[in-house]
């Protein structure tokens, strides 16, 4: 992407070097917490608050964290939860978005307005009532229960609707002429064309639910259902007398998968988030 | 092979009368062009035939079946879109056989047909490319391929060439026409480019504001435009249409005294002259050169005649300079006459004895 | 857009496709809103005393509840502290990252990282930054011979501390939206301006910023919602203390509902939160209309 | 048929508590093949109560839990628990009477016993002997009174060249469980904060106000403690970092401090003003109403096993919590341990001065009122008298309903 | 009024030589068109002049200042973009005066100039509209307005008309040219449409793969194309280029025996014939009609001549049918000769006595 001013003839604008410095400095500040977590996690506790370049490295903290809390189990829960939610969201949002984008039915616009409401009033805002509902459905302390309220995502519906609307009308017409019905058209034309949006939405959704805390905290009661964030929250409850080395180790353990994925796919990640941003 | 008959079809979008009581027939195997300026209802008419829009009123026959209430998939038609509407995520092969797959045509049959079509359109080498990797012309061919592989008796095309550059458009025009003749597919072709219409059509249906303005073969359309609208729409540059006034001895172009018609039929009439029918003469209608446009093979000269302006087309690089005084002439049969109010052609008047006799002619 | 098909068929399809999503949305968004309104008019059931209709009693209690007043005030501060700052920062970041920059990939990555980290996890690290005496912040201060400060223990600084951390968490996310918008500005606008001799600042003021307005509005709404939604950090950092100095509405709702087991009062507080968000909802739709102001 | 028991338990101190519990349960199950126990660590005391109650409300199978001793009334009001009197037979009476009376105070109301002491603690004073030496104080002589503490504290404060404090004299945590620390101060000043029925509070008594003034002055006036609140969670780290010479903290932290301290430290009873004193604290076993008779019986078996002298002794050694019965202190294991680590006995010795931890109806809410008042004062937002008066008034509004 | 001189300018994007050692001069006040197929380097050349790209090598003068190292803003140029590059959030007025504001031109002066420009371009009524509310032609005018209000001596245009429909393009062509003459702005104009180039330019610079292929006035470009590339690029339809072979008595079109050139200059040469220069004759070069394209004023007939095919353009509706045998003729001076390998024009050979004497000519 050609940024402004590139390729222009003539000398560079003044103060540019200064700006670049500022940008870099900010970047460094921004990664500091992560850097510290790494430092604390890989050094013995007595160095957690003392920054001695010669400090010995160790994995003991990870071992302890791993012993103290069932991170493995937590991670499994989270992965399962996130995939469950995503899968459901993709299906439900696709169908709903398709309805909004390509069909005319009475009350469509009203319905769409009601859907959009959920972009603002997210389930955790209603955690009291939703908790009651869940207990009625006997879904408290189940991963399904944690996921259910999020499975129809207004954001996803909105995003996909936009994308579907951008699919050239001609393609839909062509598919019809060739004898494809609505569902066939959806699967053969719309879904493939919306792939970037799906990726974008997928990433947003995964990182949202990987990091979600309050609602799972309320709904889950046991190790078998706790996602990593709740596990971490319980594990790192300051009451126990904070030991940053172990906490950092635990923190790294819990964010490692996401951060690794992020580092690997950062380009797509950022691009996709940007696509998600285009509304 | 099947004829198409559109009878009294109308399509209203709210208050917009996109198509308004349109009727015409497309003989089996013939190539009919829907011509008209942007927004005149060409695409809508085509989409009505395709069934992509439902008629507000009127009926549509394909062959001897009334298809008015059938969905597109049941009308046994193929369609080519201005945008080609190729599926960007499918390669050429998949695009072409898409319809066959949907219609569950057995694989071997598919393969056979594909081979034939690819051969016919010279796509054999491109089967595994995605549309994005094809030039405009190639995409065009793929769209055609998808249309003809269905082997439907009818094919509808909406400005299929308008996204190609001048050169390519010309070659594709010829290819397309040849193909249509070869397969004998009944074709309805939408364009707003009169050159395309003249050069390709068996018949041209000129639309204006959703109504049929003229329905005739190209030569007639050019030689005897039914209205000022058609006259002004066809030809490069299009026909000159001059307002007349009565003068002693006949009718003259507004602001001149030299009669161009032998009998006073001036007021209320418009005179039509094709630029290529007008010549520079020693004696004749006096005019002043405004400017001239050199086009290589010929030059278009823009003249002021009385209150009117008139274009003439001269071969090669014309020896005229802006401001020069010239005299213009033409042969009697170059004259066209239109009713100023209705805009309709008035050959009846022209036929009257003595009308054509006038000064400004050359022999 | 019922291409070809009859109106009825299309309508049927529409609703069928919508059904599953609608079911869930109604159960977990629309019904609860109504239920909350209802419950706010009843008293909480306790041993012996079942729930009873009490009219506006809960609301009266709320009005008298000093903690509620405090919490609303805090939330206002929190919003005012986080929203403008994080948006401005996001914009600056986006402008930087959008230009050719040494180590651009790293910088963009760095700005964006906080977005992928769970608040609950990073909160513990920030707890270390803020810890008095040997916390990172105070270690730095002591380098400059400054005394230590009890950042989270001091009612005057605790909010600031939370705000800073929240900005850190959010700016990168908003940056992405700006970046997207920036990259969709046609470059020839910049060139046209360059030919006119437009300075960078002028170009930003007269062209870039106005053209980014839709994004700004979108981000603004998001930031505002988050300022009412983001309370995870409280669980680790302050528990809303000291003396509610950092308590926020949603956290207070959690406390009342699950800590005090006072479900009616929690519902009452939720109604307030809903009212605010609903207000935003209308704001958003109104603004979104205006988004297309120049197209 | 094996009986399955699910229980939640909190952790409010350092150390691998979860592992220890799991270990004990494993042993228990070996001895009682008929009973299977699943123990879930649910965070701090409040989290655990929330979890247990929400779980019950949602009909999850939970038969017993270790919950805050002070949640007694809340649990009764929620109609969640059964009194042990309904569970035990005459044979079990001795077991019930064996517990230290001070620890039982939080278990008795309406003439019944509702909770069995388990992970119980008192507040003790940890001191850094090296800091004492450095300040020219006798590392083995401890402040016995408030006055002494202030006076010694002043000498223990250390400043750097710039005049910034690098070590404080004393730190009393004021987040997490401020009311608890405050109880100690109030008690030492001769006052308790609530009545036995848990429906009356005495926040505005002059002696109580005085206690709070003293606490505030430690920082505000004498400068031997940081201004503002002191973080419960990071206090241990601060002590181990040598950022304070003395800290008040739960005995539950004894073992971790012992493990992690890089310096010679001591543990002692809290100083006295009018008298010595500390509230007991920590968790009791409760059995839930929802449990079936069979489950209740199994639960009782489990609780009795967990509180038997040997376990109690071992538990005390592993964690630093008080061993809940005299018998436990008679066990060879604990005897030996105390011999080599006398500090371990301090908590027990302090029990004679101890009183019930703050516990009333709607405890969480009332407790928060007190906590807020304390923090308001420590952060200088309010004056002790006003703050406590407000808290008292608010508490009255809540508790009035529970008197009749 | 300032001349532009591009001398030996090159621009390489990595390995791509977008512009490769290009030199040409634009006399003060003249209108020069950069013509060439897509991707030949037109835009890049223009952007080099504007300073939107920095040259890899070479220098650029505007007037007598070397602007090679000056930023765009200091080159005193105006530019019109294909996309118009109007600021969508500013109304017409603000768009036009944008540059003046930036350059701190005092308000009254601004107002005066605005009035003049708006008058000149007939925008007076639209000043308060946003670009989104304007038609393509109107947007076009606004872009022009922004360019000319700066009153810079030089204006650069990159395909300014290519987004307009045929009709509008024709009128805008004339307007634009008139405006340029009126203000006497030195103009460089980029297009890939040869008709536009021929009809507007004082001089045409034909680019090919980043190099200058020919630099001449339109008439010469058409009459004496410097290479096969130019010959094939210009004219509608473009020039026929036929491969020759030596035969007894001279050189003949491949696959025929009838010599078209009097002396054996066949092998290694290509014969050029403009369609409009070829006529149907009684005697002459035998050919078979493949198909014909009716264009109204004239008809383009496609013939097979030996191994080659040849187009000729006949006035009116030509009386030929596919498959008919015809004979073709032309005047000697209609002949163009090119080197088969280099593709360059070879008048030298054509001048040699006796070369033009051949059978297939008419008198």
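We call the chains A, B, C, D and E, going by the order they appear; numbering starts again at 1 in every chain.
Definition applied: a contact is a pair of C-beta atoms (placed from the backbone, for glycine too) under 8 Å apart; a residue touches a chain by one contact, two chains touch by 3 or more.
Remember, it's a predicted structure, so these values are computed and weren't measured experimentally.
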Farthest-lying chain, centroid of Cα atoms versus that of chain B: D
For the pairs A-C and A-B, output the one whose chains share more C-beta pairs in contact. A-C
Would you identify the chain whose C-alpha centroid lies closest to the centroid of all protein C-alpha atoms displayed? A
Distance from the CA centroid of chain B to that of chain E, rounded to the nearest Å? 27
Taking the mean of the CA coordinates per chain, how far is chain B from chain C in Å? 59
For chain A paired with chain B, centre-to-centre distance based on mean C-alpha positions, whole Å: 55
Between chain C and chain D, what's the gap in Å when you average each chain's C-alpha atoms? 37
Counting only residues that touch at least 2 other chains, which ones in chain D make the list? 54, 176, 231, 233-234, 237, 241
What parts of chain E, by residue number, touch at least two of the other chains? 52, 71-72, 74
Per-residue overlap in chain A, given as positions that touch at least 2 other chains: 8, 49, 131, 173, 176, 218, 233, 237-238, 242, 244
Looking at the complex, which residues from chain C come into contact with chain E? 186, 188-189, 191-199, 202, 206-207, 210-211, 213, 293-295
Looking at the complex, which residues from chain A come into contact with chain B? 168, 170-171, 173-181, 184, 188-189, 192-193, 195
Touching chain A in the complex, chain C uses residues 1-5, 7, 10-18, 20-25, 27-33, 35-36, 39, 93, 96-103, 105-122, 124-129, 134-136, 139, 168, 172-173, 176-177, 179-181, 183-184, 187, 190, 194, 200, 203, 215, 218, 221, 225, 228-229, 231-232, 235-236, 250, 253-254, 257-258, 263, 266-267, 270, 273-274, 277-278, 280-281, 284-285
How about chain D: which of its residues touch chain A in the complex? 8, 11-14, 16-19, 40-45, 47, 51, 54-55, 57-60, 176, 231-237, 241, 253, 256, 260, 262
Which of the residues in chain A end up touching chain C in this complex? 1-6, 8, 13, 19-20, 23-24, 26-28, 30-31, 33-34, 36-37, 40, 48-49, 91-93, 95-96, 98-100, 102-106, 108, 111, 113-118, 120-133, 148-149, 151-152, 154, 157, 169, 172-173, 176, 182, 207, 210-211, 213-214, 217-218, 228-229, 232-233, 236-238, 242, 244, 247-248, 251, 254-255, 258-259, 262-263, 266, 269-270, 273-275, 277-279
